[in-house]
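Note that the chains take the letters A, B, C, D and E in the order they are written out, and that residue 1 is the start of every chain.
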Amino acid sequence: SSQTDEQTQGGLFRVVAVGSQWYGHVPVWVGIERGIFIKYGFQVEWRFIGKSMDRLNAISSGEAQFASLGEIAMLSAMAHGNRRFYWVGNQDIAPGFEGLVARPGIERFDQLRGKCIGFPFGSSVELTCRMLLKQHGLNPGQDVRLVNLEVGDVPAVFRAGNVDAALIWEPGFSQLAAVPGATVLGMDTDTEVYQRFGTMTGPDVLILGKDWADADPLRAQNFLKAYFEALEWVKHHPEKATDVARGRYIQQDRALIGTNLEKFVWYGIKEQYRVMNDRGIFAQVEYILDILHDQMHAIPVKPKFRDWVNLDLLRTPDMGSRDSTSRPPPDG
Amino acid sequence: MDNRELGLWQTTVIGALGLLVFVGSWEALVRLGVIDPYFLPAPSDILRRMLQMATGPEAVLAHDIKMSATRVLTGFALSALVGVPLGLAMGMSHWVRAALNPVVSIIRPLPALSWIPLSMLWLGIDEQQKYAIVFMGSFASVLVYTTDATVRVDEILIIAARNLGASRLQTIRHVMLPAALPNILSGLKVVLAIAWTCVISAEMVGANSGLGFRIWTAKEWSDTGQVLVGMLSISLTVLILDILFRWIEHILLPWQRGATRS
Amino acid sequence: MDNRELGLWQTTVIGALGLLVFVGSWEALVRLGVIDPYFLPAPSDILRRMLQMATGPEAVLAHDIKMSATRVLTGFALSALVGVPLGLAMGMSHWVRAALNPVVSIIRPLPALSWIPLSMLWLGIDEQQKYAIVFMGSFASVLVYTTDATVRVDEILIIAARNLGASRLQTIRHVMLPAALPNILSGLKVVLAIAWTCVISAEMVGANSGLGFRIWTAKEWSDTGQVLVGMLSISLTVLILDILFRWIEHILLPWQRGATRS
Amino acid sequence: MTEAVIQAQDVSKIFPTRKGILSALEIFSLDVHKGEVVCIVGASGCGKSTFLNIVAGFIPPTRGRVLLEGKEIQGVEPRCGMIFQNYALFPWMTVLENVAFGPRLKGVSTKRRHEQAHRWIAMVGLEGFENAYPGELSGGMQQRVALSRVLANEPDVLLCDEPFAALDAMTRQIMQQELLHIVHKSQKTVLFITHSIDEALILSDRLVVMSARPGRVKAIYKNDLPRPRILDMQLTDRFIELKREVWELVQEEVIGSMTAPRLG
Amino acid sequence: MTEAVIQAQDVSKIFPTRKGILSALEIFSLDVHKGEVVCIVGASGCGKSTFLNIVAGFIPPTRGRVLLEGKEIQGVEPRCGMIFQNYALFPWMTVLENVAFGPRLKGVSTKRRHEQAHRWIAMVGLEGFENAYPGELSGGMQQRVALSRVLANEPDVLLCDEPFAALDAMTRQIMQQELLHIVHKSQKTVLFITHSIDEALILSDRLVVMSARPGRVKAIYKNDLPRPRILDMQLTDRFIELKREVWELVQEEVIGSMTAPRLG
């Protein structure tokens, strides 16, 4: 949209980045706080939007340009024909941050029969939940009652005993697990997805607004370069990154953020070519699409997700042009 | 301004034409590619989705409407049950009115949505919580409309009844109530629509069925068509309830028949 | 029923007493441990929080009120700007009314909240989106109230003006408008409160200030006290706006002074 | 002379208004005897309705007091049946229900009260309209329903505030004769306000002329015209003499009030 | 005789109602000449207002037509100024603004129209109330404002629908005299509806008695009573004779209509 194409007074491009309190956004916060974006000519404005689909819609409308969000939301938007964005990367792998926690007194899956499980519908935990239940011989439609909860409400609802079990990702997950006597029945690392692909059920993906990227591809390339520079910094300074995140962006114990961030595997700009292909995350996407479409009937069609992938934008201006976008970079 | 009143037939035809123009140009804009169907699906698509949801193997729509209607009507009935007597008391006594007005003014502007945090704390996420949200979102309005209807009762009718020998209680029973009834009913009609607007708030958290729930999950799944089906279902349900309500009015207020404005 | 009208002074005292009893018993219930302050903080605590938020180093409250007020008033002004002329047209012409009524009936029952998914798709998360939510939540009501006010204009006044030689345009300018004005204004007053209920919906997504935003973040942090401060701030702001609006009415409608009901 | 049913003793009424106080009645005294018809005439706004409302107990006097059969009137008094200027019919009741309302309050059985009501309705010429709602009647018909509703309640005193204003001359005359008939048959006491001196002269035993605001008794006439007072009577010398006298008195007051400054 | 300003030719009016159709006027014909005052009397609900509304162009006749100076009336006719039974004053305008409204529409300068309005207000005895709003006036005062508002607009024809019904007998007489004075001075044509035969006899050049519903012309009297018609005139033989004649005619109709079945 024309409004955001305007440069700010300092000659900087204004970029609206949207996200939540999830650790996957640390590179953006670092980029802002350490002046990396400014160095590349971008004035990045951070807006809190808790849900993946809301972020994607903000980008689709043209009001935001950049976001990291969950794969499931991206895939269902694709399935409904939203062509307003590019999928440009998968910046981290961080399984083990979301799981199914049951209230005191429920210690095994079969005790969940007839009980009520709460989580935000339409997010990665829905998949985690369904897979875990299925793996333990429970039919999500019949054996348990599922209720929709707002992301932020999950810990309080669980603590108040209004649901028998709940699922959420960090930082809420720690709060669930911290309830005295509560049992973590299963994690996303217990699912088939993790066992097959080594990813969480809904990995983080990087999204750029299509119109914005098409209007000035060079600018988009520059922006991603800045982003990945910030990501490299996070990779190498996890302690300092924790300090950046705490307080302003995440309200959580410093030590907890530290230990959680250590579990993150960050993919840099070069690694993207290794991840964003059929041997990498694309295979996982095919698998997830099968589940969403064939089993859950949550999406009307299986989208040709490769049409949304634009790895051209990952090339840095000084790297010169390459002929093929799909060709993976040489390993190492 | 234009002198001629329109007959029912004419009104229906013109209304249908108006709707047709609205829906037609919407359809055209989508078909011609001016509007991206992802942003706003064509009416025909919405209708197809609606039929699918109404008849498909799941047939969720009827269930959703039933669930939402139960929540709305329960919350609304509670509002009316508490609000009408209290409103009558406020309308009949300057003292009660003066005493309760400040509290009512504070509660009234609070949207149903703002009661989500507190209602969850107090009542959890069960059906009671949903009733409570609808109740809190509509109760103060019932109170205000009933008070108003009662205050508006022509003083001369009360005096006339007392002059004919009616006791205080007889006056309330035979005069205040029937005289305030038309305005109370039309107030309740407005509040019923307000109660329906609360269902989306009520079903935001802890629901697994209902039109509000459907809209929220559809949003998460990026299913704009289904969002619109949900919205349209609310509109249609309110329309039908409105017709029902008018029929009840017609039954309850025989002396007002024919005295209605277009 | 009770004959004596109460004076302003009496009304205020009784109202204050009513409020005192309400707040006092709430405070007592919390202090005596009947209500867990986590579920419902005592009024004194809420007040302390309010003062803190109003005066503390951050002084967020004034900023929040300013932001929310800007959104509400902009959306409301847009509603009025579009709704009043269109409502006048609907009120004056049977044809326009018949044509637009069905569309209006469909839009009216849709709560502000239900426009979040679509408005985000169409307008993103900037201020326009918030204005749009307030607009969609209040526009149809403006239309209905204005239409109603226009239809209610006593036909005899229009006939009288025409009989005195007024042209169609003069009749609209000199009779329809001033005659409908009192009811339009009191309709707008109701809609202004409705517009305020929309701000919580508008600030649910993509906001980083405003009373709605404050309530939502407070909820996320389980800060019930701050939730209540936010709710109370909305109520008080609406109360103050209401007084302002009455003052505007008093200025605009000199012939109605003293003709108001208690 | 029979005992005084109504004794108004030095009644004053002051209304507080936005622009100051308004004195509507000042030291107004009047005795009305059993079976007597007293008509009150006076300029518009002179306090006639105010006085009637005080007698009915709708509003308290500021000073002075009104006795009904020797006891001070305190609060609405069902023994004084009021026929309101604007009918005050219950719109949600049919004509029959309106007329049967008083007996119903007293617990008269449905059958009996409906029978009675039918008779009163017939008397005012409204047979066939028993099941109509007031909104379906013309103004004059509504006024007749109001009359029969009060009569059906059998009060001792009838307070009439211009009850025939909405009737055409003929219907009006018929109603006047009916009223006199009932009053004389059942020895009712009547206080009757009217704008028409003719009407006052036809109905009254005594005629009170009020001064312009604040209302005081300006003159009381004993009306010795022979009954029945049919049209011809209006051409007798005594009638004309009385009419002229009253006319001149009222005229003085009207002219006084029309040129009076805005707030007295 | 001067030319007919108003010619009503076989006017019929049928209202569709919920219970069927209601014939309010039937083949009603009447010519009114320039400068003439024609009074219409008749039982309540006989169609008087309906006829006046047709002449004013507020409602179209079902059959027949009304000519104003030879041209058929089509739509609201400002040359026929209507004085409404219920005043129809603009509540948001002061007395002065109400009276000056007609001239304002015609573009008369503020100064001139206010001057004129002041004069008309003085004529109806309302000096000092120029800046009051209608809601602050008594019913009788409002009726006088309505009268001066129409007069200030200087229509050729005055249509009066019981304009003095809310006035007491004295104020009423003063207004009648003022009206006659203006009408004779400026040669206005007047159609005047009243319930009072006295009033009709005082004002009219001719007197139309209507039959009960559906309204037809039952009789037309040439009123040759000498002018000015002050109180004494009401005692002359001719007055009494005329009054009795008209009375009997109307009485027939009223009695007919009161015992008539519910829907004609």
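Simple rule for what comes next: a residue touches a chain if its C-beta (ideal position, glycine included) is under 8 Å from a C-beta of that chain, and two chains touch if they have at least 3 such contacts.
What you see is a predicted model; the values in this text were computed from it and never measured.
The minimal number of chain-to-chain contact steps leading from subunit D to subunit E is 1.
Counting hops only between chains that touch, subunit A reaches subunit E in a minimum of 2.
For this structure, the chains sharing the highest number of C-beta contacts are B-C. Mean C-alpha positions place subunit C and subunit E at a centre distance of 48 Å. Between the Cα centres of subunit A and subunit C there is a gap of 39 Å.
Looking at subunit A, one finds that residues 57, 60, 153, 156 touch two or more other chains.
Residue positions 117, 121-122, 219 of subunit C are each in touch with at least two other chains. The touching residues of subunit A, when paired with subunit C in their complex, are 16, 18, 47-50, 54, 57-58, 60-64, 152-153, 156, 251.
Here subunit D touches subunit B in the complex through residues 56, 58, 76-78, 80-82, 84, 86, 88, 90-94, 101-102, 105-106, 133-135, 149-150, 153, going by the rule given at the top. On the side of subunit C, the complex with subunit B involves touching residues 1-2, 4-6, 10-11, 14-19, 21-22, 38-40, 92-95, 97-103, 105-114, 116-118, 121-122, 151-152, 158, 168, 171-172, 176, 193, 196-198, 200-201, 204, 215, 218-219, 224, 227-228, 230-232, 234-236, 238-239, 242, 261-262.
Partner subunit A is touched in their complex by these residues of subunit B: 37-39, 120-121, 124-126, 204-208, 213, 216-217, 219-225. Here subunit E touches subunit D in the complex through residues 41-45, 125, 128-129, 138-140, 165, 167-172, 174, 195-197, 231, 235, 240, 244, 247, 250-251, 253-255, 258-259, 261-262, going by the rule given at the top.
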